[in-house]
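Lettered A, B, C and D in written order, each chain numbered from 1.
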């Protein structure tokens, strides 16, 4: 199926079921509901409009989207978001996503899952990164990190932007069980595992610098789809200064309203190594199960490859800000 | 009740009554009507969209919103506006607001009130600042300042932005009884009371500097909800340069279309010490009397606290412009 | 009547008649139709949104809007546009406008009029400036300049922006009879009269400089309501650099979508000495004849006076850019 | 017919037929459908709003729009786009366009055509540039270049932005037969013909510089109406830096959403020598056959001439950025 058909089919299917409770319709689009006025969810995808692409055609060639992360090769830098739940969308949703992700040569990220669910996902053979919630109780975190390690995750991490739980509209959730961590506390987590440890939910240069010092092997620049605080910056607003601090010392992942290959290209041009997508893979899942997931990843990857080719970037490492025009005015 | 529920209930209740005469509906929102084209009222809340927040999670902690003003501790920097009238909203409206404000550990500001109303409000025990109108006749001002002092106000002041009265649409009001004052005339007012004296309605660096020289102990940066002149600047447009002149020599209050904790955070980041809200407390009052007022203050304070925590500000004094991204383009 | 009532009554009256042929409705507003896509007419009044006002209240006083131009005192810098025709709006329209303008202590400008019409207007005693069209035939211009001088005009001029006639939508008008002029040709016109000679339709610093060299005693910065070319700049976009060249060596007039006192204040702050209004006076005329014209001028002048007072400008010469905040982003 | 009438008649006629398959309606306008979200097609014509014009009236004169390109004189710098197909609009569409183009003293560009079609077009006597597709097989290109040379084309070229074919919505077309070329491969094409060789689809300074080095005698700065990639920059966003590199060493053509003389003037002011229009000539063809084409070119040329006159540019070589005001904010 084509992109538009997949989205339309997903929305039709979701209307037949109890539509996802954490999503709202905005200007005809199904958006995840963010905190308070929901500004972030509305702003996230519009932010991409500030950037256009130049061409570099002569001497260009069909680009490769391959990427090596933590010693493994992937076919695409377009990865799954750290998914949880989704049982209202499909049966065994995470296994289906994992199957589609594997099929596309991409990487799976997991959020809140039981040990059983995690095992099932990893049994598909998909390379997986597990993000553990920042529970007040460090023992709970250590237990889950260990489970992930034992189940065969390729890397682990925690979403530091969930220190104070999340908010949808006016409703807080999980604020009690979560809690903020010091540098020292997070260092203990990093040191508790042999696996690369990733800090998810960095949205400022200070946390990026601290993560590096603490021993992180990756960060995810994210506003968590607006559920942390209303008016959280768009990740691309802070990405360039984070890239300047981090350089090539660890991979920088990014998420936040990514819909198309052009969005992915913009993030890569501004300093990201790879992009995570939650909403879009859920749409793929809702449209057509594991095959829909795979189709979406393949389509977005093909869109990215085409833009890379057209802008004269033979591979991901050749992408930088020179491919962009920046628009410092309202669109 | 949650924020959205309170606002909806307030609007429903206000429709049942004779809706507040000085308010108009704009894009589904009840706005105070400002001068002429009403640009200020439409622009006031939209201005906040230019700012987003970065995160500073690692080493953050649950923030404190406590503030000490004029030797008294308050639970929140989110204070009542200088209220007057409101008898079309509730019986004994100012006492109800005062009760709610006190309950929330906030501060009450009074505008046009009789000596009796003032006594009733102060009898609730809420710390109160009384703003006296800038009458042409200085004796009237001195009389009201004295009444406020005797009734137990913690501070007094005058709204210098009402020198020429106000305007709603094409209708001037109170232009006769009011009149402009010189530095010397205002100095006499400042010297006539033992209480801290506050200049309300500063919207430019010259008046801020003069207020300081004259002996002011605080200023309110304000465009008076647009009733002074059409196209009055948004307070946040002039706040940074005022802060630069005033420094920490006296508290800087600000008002102007504040709706949520995120708005308050932006003002504090740009140099304000505390924020005044009129419209929002009237909504609380209309929704649920003194309890509604208290609920609104508590909700906005909790929103602020959450954003402070997420941005790594342990207390109000740690908030500054580094938490913001600024958007120099149309939103 | 109040401003809004006058406009509404004017629009109702114009609908009863054959509505003015050169006007179109745009977003509920009656606009003069400009060239091609009509961008100028839509943009003209929106441009004012880029500017807000600061307050300077302390030591301010009720402002004076008086202005002396060419040795005569006027009560207001808000003057009539150079009017022509209007017989579809009222009988003896120019005499009615003149009567209203005189009543308000303002200045009358005339465009295309017969010698008889000019005499009738000047018979009202209103100080009048006559703008003669830039005919291909210089003799026609000299004849009309002489008529104006004899009829008692206080100054004369020509609209250099009509060298190539005008355009409404896709229709050119008067392109044949008009023609471009050299510096030398215009110098002859200037020298042919004892009266101050004004260049109307300057929209760039080159023409302003040439006008000064040629002996002009005034210029009108204007985009002629969009009828010269589509996408003509807004006069306020070029006014500051023109003011820098001209300084105080001759009065700078400006027109272009002026509706309210706040618009006038912005032009004065950016370097204009006085403002011309066509559309608005036509609305006054349509609403209430000469009295409506006078009412409109008085209202706009009162709005201006109020903003001057609030911004601490005691008279017109004290107005400058420091009263403005400039918004470099979409509104 | 006037401009608006021609467009309306074209749209009516196209609705009677099977409307052009590659066009979509957007906000009441018929737009060519671009890649993916179609951002380019929506953005292309809006980009012109960022620029306004100043006047330079004194000493101006009726301008000449004449231009000499490759040794031939043309009446206008407003040229046809490189057209293909259009058999759903009219019978013998390219001959009709050619006839209209010739009538107006403009230049014809051809895209995908058979040898027969090319002969028919050239038989009209219209000076023609032939753009050959960048086939994977260089022999196919050489064959078509030779055919063009033999048929009497004045210049040839290839659209380098079609190396990877095109995309409408989610549908790729012609991706197989096309292929990217190196500098060396394109140099061979340039050297294979005696005619001036033009690189069409330059959208960045690198390709412009390479084209010059390879021996190009002209470039077309273009985003190909959005069919190459979504979010391709507007040609005017990159034109100034390309002009800086190329200078006067070869003509710079530009296309991208041009509708009116004002759009053309902006491109010329930013460094273009001439403008290509596809959509607009198709509208002329649909409205009134070859006569409609001629009418459209004449109207746009007249609009351009008028703006040149008003801005004091006597001929095309006098046009530069000083005629523009640039708006760095949302419109």
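The rule is simple: contacts are C-beta pairs under 8 Å (C-beta built on N, C-alpha and C of every residue); 3 or more make two chains touch, one makes a residue touch a chain.
For clarity, every value in this text was computed on a predicted model and none was experimentally measured.
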item: Turn needed to bring chain B onto chain C - CA fit, degrees, nearest 5; value: 90
item: Chain pair repeating A-B, as identified from A-C, B-C or B-D when over half of the contact pairs by residue number coincide; value: B-C
item: Shared interface numbering between chain D and chain C [over half = same, under half = different]; value: different
item: Higher-contact pair (C-beta pairs counted), B-D versus A-D; value: A-D
item: Computed distance of Cα centres, chain D from chain A, in Å; value: 41
item: Centre-of-Cα separation between chain D and chain B, whole angstrom; value: 58
item: Multi-chain contact sites of chain A, meaning residues that touch two or more partners; value: 328-331
item: Contact set on chain A toward chain D in their complex; value: 2-5, 48-49, 51-62, 260-262, 299, 303, 306-307, 309-310, 312, 325, 328-331
item: Sites on chain B touched by chain D in the complex; value: 329-330
item: Contacting residues of chain A [partner chain B, same complex]; value: 36-37, 39, 43, 50, 160-161, 163-164, 167, 169-171, 180-183, 186, 201-207, 210-211, 214, 228-234, 237-238, 327-331
